[in-house]
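Presented below is the structure to which this report refers.
Labels run A, B, C and D following the written order; every chain starts at residue 1.
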Amino acid sequence: MSKVIDYAEVQKHKSKESCWVILYGNVWDVTDFLPNHPGGANIILKLAGKDATEEYDPIHPPGTLEDNLPESARIGPINPQTLPEPVKAAKDVGPEPDSQIELPLGALLNLNEVEAAGKKKMSKKGWAYYYSAADDLASKHFNNSVYRQILLRPRVFVDCRDCDLSTTFLGHKLEIPIFVSPAAMARLAHPDGEWGIAQACKKFGTIQMISNNASMTPEQIVKDAGPGQVFGWQLYVQTERKKSEDMLGRINKLDAIKFICLTLDAPVPGKREEDERSKYVVEDTSQAIKDAGGAELKGGGGIGQSLFFGTDPTLTWTETLPWLKKHTNKPIILKGLQCHEDAYLASHHTDQVKGIILSNHGGRAADTAPPAIHTLLEIRKYCPEVLTKLDVVVDGGIKRGTDVVKALALGAKAVGIGRGALFGLAAGGIEGVERVLEILRDETATAARLLGVPKMSDLSPLHINTRAVERDIYDGPANLPGIEGAMKGLWVKAKL
Amino acid sequence: MSKVIDYAEVQKHKSKESCWVILYGNVWDVTDFLPNHPGGANIILKLAGKDATEEYDPIHPPGTLEDNLPESARIGPINPQTLPEPVKAAKDVGPEPDSQIELPLGALLNLNEVEAAGKKKMSKKGWAYYYSAADDLASKHFNNSVYRQILLRPRVFVDCRDCDLSTTFLGHKLEIPIFVSPAAMARLAHPDGEWGIAQACKKFGTIQMISNNASMTPEQIVKDAGPGQVFGWQLYVQTERKKSEDMLGRINKLDAIKFICLTLDAPVPGKREEDERSKYVVEDTSQAIKDAGGAELKGGGGIGQSLFFGTDPTLTWTETLPWLKKHTNKPIILKGLQCHEDAYLASHHTDQVKGIILSNHGGRAADTAPPAIHTLLEIRKYCPEVLTKLDVVVDGGIKRGTDVVKALALGAKAVGIGRGALFGLAAGGIEGVERVLEILRDETATAARLLGVPKMSDLSPLHINTRAVERDIYDGPANLPGIEGAMKGLWVKAKL
Amino acid sequence: MSKVIDYAEVQKHKSKESCWVILYGNVWDVTDFLPNHPGGANIILKLAGKDATEEYDPIHPPGTLEDNLPESARIGPINPQTLPEPVKAAKDVGPEPDSQIELPLGALLNLNEVEAAGKKKMSKKGWAYYYSAADDLASKHFNNSVYRQILLRPRVFVDCRDCDLSTTFLGHKLEIPIFVSPAAMARLAHPDGEWGIAQACKKFGTIQMISNNASMTPEQIVKDAGPGQVFGWQLYVQTERKKSEDMLGRINKLDAIKFICLTLDAPVPGKREEDERSKYVVEDTSQAIKDAGGAELKGGGGIGQSLFFGTDPTLTWTETLPWLKKHTNKPIILKGLQCHEDAYLASHHTDQVKGIILSNHGGRAADTAPPAIHTLLEIRKYCPEVLTKLDVVVDGGIKRGTDVVKALALGAKAVGIGRGALFGLAAGGIEGVERVLEILRDETATAARLLGVPKMSDLSPLHINTRAVERDIYDGPANLPGIEGAMKGLWVKAKL
Amino acid sequence: MSKVIDYAEVQKHKSKESCWVILYGNVWDVTDFLPNHPGGANIILKLAGKDATEEYDPIHPPGTLEDNLPESARIGPINPQTLPEPVKAAKDVGPEPDSQIELPLGALLNLNEVEAAGKKKMSKKGWAYYYSAADDLASKHFNNSVYRQILLRPRVFVDCRDCDLSTTFLGHKLEIPIFVSPAAMARLAHPDGEWGIAQACKKFGTIQMISNNASMTPEQIVKDAGPGQVFGWQLYVQTERKKSEDMLGRINKLDAIKFICLTLDAPVPGKREEDERSKYVVEDTSQAIKDAGGAELKGGGGIGQSLFFGTDPTLTWTETLPWLKKHTNKPIILKGLQCHEDAYLASHHTDQVKGIILSNHGGRAADTAPPAIHTLLEIRKYCPEVLTKLDVVVDGGIKRGTDVVKALALGAKAVGIGRGALFGLAAGGIEGVERVLEILRDETATAARLLGVPKMSDLSPLHINTRAVERDIYDGPANLPGIEGAMKGLWVKAKL
């Protein structure tokens, strides 16, 4: 029979190397069990050297101890006289945690929490630039809420032990169906900037599209690219075409950049009031401008307006695409298509146009523009062949793994995140971006497995119920200027 | 003529045995009338020995007194000089009742109030485990709000003096159409745990389905089963099949357990952030883990995650059902079907599968999964024969008797409650669970009688207006993998 | 030329008999103009004897003075030295008006303000009884919001100088299309009780339906009836039929009561938690009941429950109607029909049943029962002949004159108010009820004239857009028990 | 090599004439660059004479400086010893800006902010008159929110360097598709009154419709009209026709007034409670009226009620139009049509009726009247020929440039603003109105260019998705009194 143990002796065994706990009056050595505990080792380590009965009891049925530990693990009975006063119940542990305390990245459970953590670390001006969207933020909010309108249709009795999250885009493999959309000025969030985002993408095996307005040069961003790491480069065509041509010359020399992403959804800047207002908040309380002879500012003009300086608003199918093809041999993708007609037109330029991004520019261009999901449903309804001719991806509003599987179920090859990556960068640099990708990866895998879908290509419209969205989709005539006979309900193929 | 009475004399008659009150200047002996008072005896007893005129007058028309009491009950006129100062009007009685004061169970009028009372008595951790649901709680909330979208169609001129609430499930009679769904870890709420729930179910003549993750053993839970009391036992198949087989061996020996409930809607754990967060709230403010050499926790993992350890995510129609049939002769019900296709497939295994539970796991698995009412309406629309081949029940979101009659009107045999029973247990142990069942029983009877429905089997879709829900039901092609020709609007029977 | 006037002289003319004001430096005698002022006389009287320029100027174009007053009204220029300091601008007049101050009845602009004023004057218990409705108040709120879902279609170029608000019910003329529905316990609001409501109805030429649970006897209520004043009497049939028969005997003798209103929508009491809770608030904080030997109260039971004691829940078409006809020769109307089928059945008893009230009992019976507007639209869709065979009226949720015209446009002869009258009574006795009827009368006239409708019988479905409501109307098969072949979309006439 | 510069020297160059900044340790002369800075000159001037590195760095990629400034602009390295303590980061600059501080007009970014600024400067009474609308403000709010229900359909690859915002109305050219609707009592906002609005309209090349209840005479308002400036004059026909005829006589003589706008949507005043309540707030706290012998006020009656005095509610197609034609030769437009039937009827009087304004009087007449967009969609659906026979414009609820392009896409020639102009006037007199027009002009241009629309006449229903609104449009029979056979779904042409 085992001898009685003093509490002081138990207190000596509080590490991974030797871990004792008291349960129901007995001392147990749980060192070997630590890696097998369903609830994880840490929850035991926290109670190491103490009486764990109060925490253990209500969540373990009788017999659990005996089923999982050999009798040899029982060191012996505790000497009750040596025990300290009982620990208070969990509900009495203390006040609510201080919301000012900075949580570790691992404690940020979803993209909203990452955004909140990032906001605390940023300048008001930087936050305003990232957060802002056009006018009343209607499209920004709709981008997200439209996913809430779609219901999942989980299937049972499907083996989903493994879930392969990989997908492809332009022939490149992505380990996860989530890429980073071009988003400007990453160094407003963190000194690691776009280079930092690249490191996180490398780790997660996915694509980063570099903003034309990156706060670092493309060369800096790709300099530590891993083998096989894929980048795209976003182009805002400049009115001074020479500037764009020079830039394309630099890009053409960078092997890691595999394609050019031509942005079309913002020929002129949208009105981002939060961004414009930050100008007033930060600057105009001073007398400085007047002293310097400057005129009164009118109508704001934050960072967003500044970045558009020089952007060419005259792009056309007939002029711009041939010009671009002349200056690069890399595949081209078109970003910012917002109706099925433009997707249909794009599908007639597959000599060099290989993909499209359905996007309303994160709600930052035309407010009340449709979310990408609307455009995707339009394409499915009126010209589904586009989905086979081009690689179609979407961005805007993605916050959950369920959003990802919904977009893929409708035919998207992958989804892009913009603000998500930037707020991750703000919250914790490279590790912050990694945390964002990790959250979305895990949520996507969980969503897919709960749907009974073992790999991304198995997702189909059968897995979701889009009825609430479909009744809001455009159902007027197709808008193909110059094409005769376009009628409601009758798709007329354009001659191109 | 009767003599004048002093107030001191009236004050002596303040009990059930002798109860006098003063009304309009006369003293009345209402002892015999107490059991017949429409408003109940207590309301009179409260005023016993006092002048009740101010409370009595505005709610009784003249003549009421004379109609209900014999003249002999009139003792005589009160002596006005002996009366104390008048009691203040009800509205002046005092401050709002203190919300911190614990109300008696009888004063909890609905399930929301029971939940609030239970929350006050629980640890934060336990509450978080019960309350939590997947991601943004969209499905959890939709489970309830979908009932609000359905309107009742009350009929008049129907004799509903009696209302028979009984129903059947798998041939067993239930006194009320409300059973307790499998829900884990009841001892987080109260030491009586699952055994306590069993005692309440016994009293109300209904079924308890015992969670695979109960905090007590099945033997403990059923040990005080009444004659004819029916239990089910929920199975999460373990990767180590031997463990499940041993458990089934134990269950097979328990006569009170009449069927096995195989859970299918959570092959992997959903992401329950409230639960995961509680881990940080309660634990990580200490330095303990780091001191013990533990790594930083990532992504939470509350009680919910722990319980899933060892659960097998590879179940299939072809492998798992035959295996299960080999290890038990008890009838099987499948829990967690969320689309009509799976219900249809289940209806082809009626050799041992006798029922199904339409459930999205209380919103705790895939967020934005449909509420059971959606699945039930899908079945009615596309494969109504399922309702005759199998006993179909639903759970998730039930808070009112009107919810119960709506589910039954659509063909459900009964409805399950999970959190409701647990919060009842937290609020008051066995009596708390009884109060929950009592509330739902009384509300269900009231709803049925107001509909003009004297017994549960009379409920039909004619009694409700589901139009607002029906327009959101899935209307794409049936998803029966391997079946040719599945088309929208045309149900193709699968060959099985 | 007129002489200069001193301010002291002007100050002497501040009454209706002699009213001077200063405008733009001149003193004007506006006594004769007072009754013609578009803005009313009072607004001038308030400024009588003072310099009114600051208030007058911004809302009168130049020339207004000269156009409206004869030169003889100009007394002469003011002596500026005699003027006091200028009055402050309106926006500086002082603090916000104190919300605690009791407003005069005339300052209560709509039914919500009357309700708020009434609430302040009532006991908590009385307010809870009036305010309460079943369960979650879903039907109570829907009763009102459904009117917001209907749009008006105003017509232009219609002469609507006169607007005749009169209507008829059972052959009786109502001066306004708004009657008082049976509502219990008016003396909880004010000592004038139901008699007080009768006085207001007399003044406005409309019908009062007396509640079976009135806090005064029918004889008291009708005792001051005007010539031609019309009452109805509501019957809750008692299980002890003799009691109802005796009561009918009394009613039959009262000539002013022209019809019997048989209530059918509350065979058992709904669950009115606000009412039941008030019992605890007011009573259970005392030790009295326990001291008196009373048991613990369970599940509340407020005033509402008490009133139902003895009500017969076994009424049927075949038994109850013949019984009632035997005991009265007065016309019968049926209250509480909530689906078109019951309205259809009622239209086959026109020998003595002359009208129906579409009502869900003010949301106080079955929660999520449909608003009367739903039932009315069902009738229009499936059995419009009911509207010609019976006089159909509605109640529940009426708060605005636009609500009144919408109900009438759909075929209702009139609309009833219940709580509105009671809260008016609470706010100001007879004058309070009058104010409620006055508000609704004026709003109804305004709505009708803005629609281009000079009399109530001109209102038709062409004047409103009900499309948003129609898509929620029940569209399943008709529910006529015992009738063969009832099918969705095909109305099958019942043989009766 | 350049010499080291002291901070004191840099400090001398802080003006447009000579502007130096320190970047990365070097002093640069950016005077010549000021006009070319994409972010505007002011943002540099603010930092003139200081170290700008902290603000500059995160938003400019490396190389930007070298690309944009010649080497000659580099004055030399700063002497670090002479630098003051570093400026704090933007996020630390100080507290939130004081919401009480009056912002410059240029800092007001949208119409809501202009309204808020205007409110602060107005009397409560004036604000209440402008802000108020009928009953519960349902139509007022719906007027705006209906635009949010419409989605844009932006097109890509369209040259939109130039965007021509001009439109026409009755043959007159408007530089912007936004005019000022007739709105009364502008001097409640600002002493410049309607004349001030006229000056802003002159500057922006658009039409002002002068209210019949303007606080200035028409002669005053138009007296500084520019060459070609166009005014309309709104007529409320008076019961004393002579008064209207005299007024028309004056209007006929004013050449700048090009048309008469006959108001039809308010034959009687709506119930504007905010306006009526302001009467009590400002006035009735005094004892003055009672002292003067005035009766108690009943039912309010604010400015709105006053203005309607004398208005004729008996207008008809057959009497009023001929009368009006007799008294003016100017073209007539009809204001306040709210259903397609009346628009259809109007299109049969094109001898002198040249246009219509779809309007519900800013929500100030019949509450729950439809927004103009409903009426416009009705016209498109049932009688689209009206759009070619008449110039159709809309008002009510316009707050954004996207609202403007949506109305124009559906066929409106222009849109009117009422409250917007008045609140602009309140916020800053003439400049305030200009700011409102400037905001809407710029937003409209941005919206059009983002749609890929280079001129207003290119806008068509193809550019918007109105599906969510269309399902709420009236679809009952046409309401043409006296016309036989009007049926749902079949438009029957009226014989006129």
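Just so we're on the same page, a contact is a pair of C-beta atoms (placed from the backbone, for glycine too) under 8 Å apart; a residue touches a chain by one contact, two chains touch by 3 or more.
Everything numeric in this text was worked out from a predicted model, so none of it was measured.
Novice: Note whether the interface between chain A and chain D is symmetric in residue numbering, meaning over half of all numbers used appear on both sides, and answer same or different.
Specialist: different
Novice: List the centre-to-centre spacing of chain B and chain D in whole Å, with centres computed as mean CA coordinates.
Specialist: 55
Novice: Chain B to chain C: how many Å between their CA centres?
Specialist: 39
Novice: Could you pull out the residues of chain D that touch at least 2 other chains?
Specialist: Chain D, residues with two or more chain partners: 471.
Novice: Which pairs of chains touch each other in this structure?
Specialist: Contact pairs between chains: A-B, A-D, B-C, C-D.
Novice: What residues of chain A sit close enough to touch chain D in their complex?
Specialist: 122-126, 135-136, 138, 185, 187-188, 214-217, 220, 264-271, 273, 276-277, 279-286, 288-289, 291-301, 303, 305-310, 313-317, 320, 334, 336-339, 341-342, 345, 360, 365-370, 374, 471-477, 479
Novice: Can you name the residues of chain A that touch chain B in the complex?
Specialist: Chain A residues touching chain B: 14-17, 19, 38-43, 45-46, 48, 57-63, 89-91, 93-94, 96-97, 103-104, 106-107, 109-110, 147-148, 150-161, 400, 402, 438-439, 442-443, 446-447, 449-452, 461-463, 465, 467-468, 471.
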